[in-house]
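The same chain A turns up in both complexes below, where it pairs with chain B and then with chain C.
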Partner chain A sequence: MSMNEFLSTYGALIVGMVLAAILALSLYLPLMAGQLSLASPGFYALGGYIAAVLSTKVLLQNGQAISPFPVHLLLFEMLLAGIIAGLLAVLVGVLALRLRGIYLALATIAFVEILRVLSLNLDITGGAIGIFSIPQPFTNAIQYLLIAAPLLLLSAAFVYRLERVRAGRALLAIREDELAADTMGINPTFYKVAAFTLGAALASMVGALSAHFLNTWNARQGTFDASIAYLAFVLVGGSRTFLGPIAGGMLLTALPEFLRAVAGIGGLPGWLSQFLREGRLIIDGLLIVLVTIYFPQGLITPDLFKRRRKAAEKKES
Partner chain B sequence: MSDSTPFLKVNSVTRRFGGVVAVDNVSFELQRGELFGLIGPNGAGKTTLFNIITGLTAPTAGQINFRGQDITRFPPHRIATLGIARTFQNIRLWSNLSALQNVMIARHTHTRVGVVSGVLGLPGAAAEERKTRERALEILELLGLVDRLDERSRNLSYGDQRRLEIARALALEPQLLLLDEPAAGMNPNEKQTLSDFIRQLREQFDLTILIIEHHVPLVMGLCNRVAVLDFGELIALGDPFQVQNDPAVIEAYLGDETALDKTKPRTRVRK
Partner chain C sequence: MDFGHLLQQILNGLSIGSVYAIFALGYTLVFSILRIINLSHGAVFTLGAYFTYTLTGEPFGFNGVLARAALPFGLPFPLAMLTGGLVAGLVGVAIERFAFRPLRERGADPLLTLVSSLGVAVVLVNVIQYLVGAEIYSYPGNVLNTFGNVPAAINFGSDTNAIPVRTVQIVIFIFSLIILALLTYFINRTKIGKALRAIAEDPVTASLLGINVDRFVLLTFFLSGFLGGLAGTLVGLSVSIAGPYFGIAFGLKGLAVIVLGGLGSIPGAMLGGLIIGLAEAFVPAELVAYKEVIAFALLFLILLIRPRGLLGRAAAQKV
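The block that comes next holds the complex of A and B.
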């Protein structure tokens, strides 16, 4: 297979993996402060609608969508989507973050549902049909990496640095023991809302990019299923280092394609290849159960790196 | 602050949990620089009183004044910012973080770098980070923990964890330090060392210290004044010698210790 062939076959998958990794990071940010929020799909959907509405109804040329869509306008949409989602997140966060643990998770699922039902019933979001023919800034899928890859690198670098400075350590302290953090002068509400807001802005930016990438946007984009899928990214990848969600997002996005390829190998019994092709949800669920039992902290943990470093030091001495 | 304003004033504080009165109309004042002991049998309301002073529990009635300011309804982080730090009876370190991180985080109120300049590592932020680290190392050195600084705090020995809690509280640079049973689980030798250390801390950091302790000899040797709680009530207050010979205190303590069946709950003697 030539490089070009490879990219045209797997371009969309690679971009999808990168976007999934960023979405997983959007869940990881509130988790740094111990807050299990499943609101990301809601903000993702919101960002997508912002980009879809702007590019098909507002930013027109001679009454028509601009094609090819200018990249600087795409970046502008992403910025705007991030800001609007951030503002909404402050409101939602102040209310929802009074809740803890599973109750917060449930409240954020309810938030995602509210946005979904709204988008199904509003005219501006195109109701049940949604918005289609969203203009493309690029001619083929892989070119979306030009935006997706830097966004992943920037957000990963951001989280990596955050864990090593004052604000990030405050989040970790809240995760470890909120009450102790409070008595040591850290305002838990402020930091929890801030982390939630950053995660929301990130998810919304991915949504804005995805709306162009997928060409259509509708109420199926931000659903309960997506909440669980993103949660799986973090559970499988690991929630104690930012590399966990990135790996989880990429792995679980690539897995169905990989299984489809395996199913194509000749000589497999019919039922097995059908299961590999179509049993995606079952396999996802199975994976979550198995990882939770055998790797309760996820596949990638901070100790993994510590152990390797220690082993390397031993070798040297 | 004039000299007549008490450093800390606990004014008619009451806390009820349903039908239980954990703290019952307790009042006392602390002067600046005092080493004040709070003693009493199990369940006397000592820790509840600590929680009220630090804002973790709201009092049902009464006020707390710190240096002339009413702090009764302040959230804990605001009280910490004003200069009150504490340790916990049941150690509450950030257990998955290193000893160094635990102490650095407690520098929160004395640092100000925001998310953006911190993440970008701008010169001001880098300098502050360096200073925070140096200060944390000094404090760990003082507590004899400097060789364990990269260890996760939950992997430290029990005694080291207790010392790390004190280190964390000191990193806040408090004016008032609340120690909740700092000597719990230590042998007599360690208790003596700790007692000397607490006295040294008060000198070195110009602290006022309020200490909860079960071990009566330690409190008697260390504190200049002692308050005794029993069933939430303040039953004695004064210098250690006075308190030790107070009939009400003897009854509260001896009634506890001479009971043959220790599992039997004590019944309250109504006066």
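The block that comes next holds the complex of A and C.
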């Protein structure tokens, strides 16, 4: 297979993996402070609608969508989507983050459902049909990496740094014991809302990019199913280091393709290859159950690196 | 709105509200004992509806592994519904055994169990889709005719100004009231119910007093699955089985019901179900598209104003 063939076959998958990794980071941010928020798909959908409406109804040239769509306008849409989602997140966060544990998860589920039903019924979002023919800035899928990859690198670098500075340690302290953290002079509400807002802005920016990437946007983009999928990214990958969600998002997005390839291997019994092709979501669900039971911290844990470092040190001495 | 139409809306609201109540009690029973929300409850609800359909002897559609398959026999509808509920209860027991107990024995974070139950929901829903496809199923004919010839609707108005209420809605309401009454009796008046309440109050003390907690947890999951399965069949009877995913939306709405009533409160779940059912019945026709928002708007509001719900007890904060 030549490089070009490979890219045209798997270009969309590779971009999808990178976007999934960023979405997983958006859920990981509030989780750093121990807050299980399932709101990311809501903000993702919101960002997508902002980009879809702007590029098909507002930023027109002679009454037509601009095609090819200028990259600087795409970046502007992403920025705007991030800001609007951030503002909304501050509002929702101040109200909802007084709640803890299960109550917060429930409030964010309600938030996502409310946004979904609104987008199903409002005129500006195209109702149940959604918005079609969103203009493309690029001619083929793989070129979206020009924006997706830097966004992933920036957000990963940001979270990497965050885990090592005072603000990040404050988040971890809140996760371990909110009351104790409060007593030590950390303002839990401030840090929780900040983490929630950053996650929301990130998810919304990915949404804006995805709307162009997928060419069409509708209410199916922000559903409870999507909440579960993102949660699986983080939990399967690992919820104790930023590398976990990135790995989880990439692996689980590539999994169906991988299973399809396995199903194509000759010599498998018919029922097995059918299951591998069509039972992907069953396998997803089983993974969630098994990982929570047997690997409660996910596949990639901070210990993994510590152990390797120690082993390396031993070798040197 | 004249009295007749008011009555019509109230009956419709009570009918669906009482099904919400039955369904939500499944969440509440598990929560009151384990302090965990079992998010696979919506999937068990769906399973119950499909079990009943299977037991009536009807064939499946053209998609999925079991395309066109059917049982060699068919039960009359009421019997199929009860058996379907029992099988759903057994599924509940299996879920406890495989997805909850390993985490409980390790004393894991309740959020992890929440996630594990979500995984179970994903598996169940997609197993249904894999086996019988995503098409819509309806129970055969007028199932009420098991009891002789029953009219499809009862007219509460006059001949000139008809105010029909579907007979199915009335039957569902009466049946649900019976189930709710039986359950209330069971929890409050029987020895097993007393043991369940003792565990809900304090599991450690209850086990010191000789109550086998593990066995009662299994019983709770069985009851929860039974109620969920029954609710699934009732909704399938009132509307239709709208594919494997129809329990997900209902499951989320059930969360609104239990939070509104107060997490872990049995009368609260009943009250919450009826309130949300009635609130939905009174949505004006021109806003009917937004009906689905009501439950979640109420959920969000109650969480902000009074997180413990209408009848819930405030959780003591351990320091």
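Here is the rule we use: the second predicted complex is superposed on the first by the 317 of 317 C-alpha atoms of A that agree within 3 Å, B and C clash if a C-alpha of one lies under 4 Å from a C-alpha of the other, contacts with A are read in each partner's own complex, and residues count from 1 in each chain.
Keep in mind that, in the parts below, a contact is a pair of C-beta atoms (placed from the backbone, for glycine too) under 8 Å apart; a residue touches a chain by one contact, two chains touch by 3 or more.
Given the structure is predicted, the values throughout are model-derived calculations rather than measurements.
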Chain C versus chain B on the shared chain A, clash or fit after superposition: fit
Which superposed partner A:Glu278 touches (first chain B, second chain C, both, neither): second
Partner chain in contact with A:Ala85 - chain B first, chain C second, else both or neither: neither
Partner chain in contact with A:Asn187 - chain B first, chain C second, else both or neither: first
Touched partner set for A:Leu286, first chain B, second chain C, both or neither: second
Contact breadth on chain A, by residue count: chain C or chain B: C
Chain B versus chain C as contact partner of A:Ala167, first or second or both or neither: first
Touched partner set for A:Leu179, first chain B, second chain C, both or neither: both
First, second, both or neither for A:Leu151, with chain B first and chain C second: neither
Chain A as apex of chain B and chain C, Cα-centre angle in degrees (nearest 10): 80
Least Cα gap, in Å, left between chain B and chain C after the two complexes are fitted on chain A: 9
Overlap of the chain B and chain C footprints on chain A, listed as residue numbers: 179
Contact set on chain B toward chain A in their complex: 54-56, 75-77, 79-81, 85-86, 88, 92-97, 101, 104-106, 108-109, 111, 113-115, 118-121, 125, 128-129, 132, 168, 172
Complex interface listing, chain A residues touching chain B: 158, 161-162, 165-170, 172-173, 176-177, 179-188, 194, 240
Contact footprint of chain A on chain C as seen in their complex: 37, 65, 98-99, 102-103, 108-116, 118-127, 129-130, 248, 252, 255-256, 259, 263, 289-290, 292-293, 296-297, 299-300, 303-304, 307, 319
Residues of chain A that touch chain C when the two form their complex: 36, 95-96, 99, 101-103, 105-107, 109-111, 113-114, 117-118, 120-121, 179, 224-225, 228, 231-232, 235, 274-275, 278-279, 281-282, 284-289, 292-293, 296
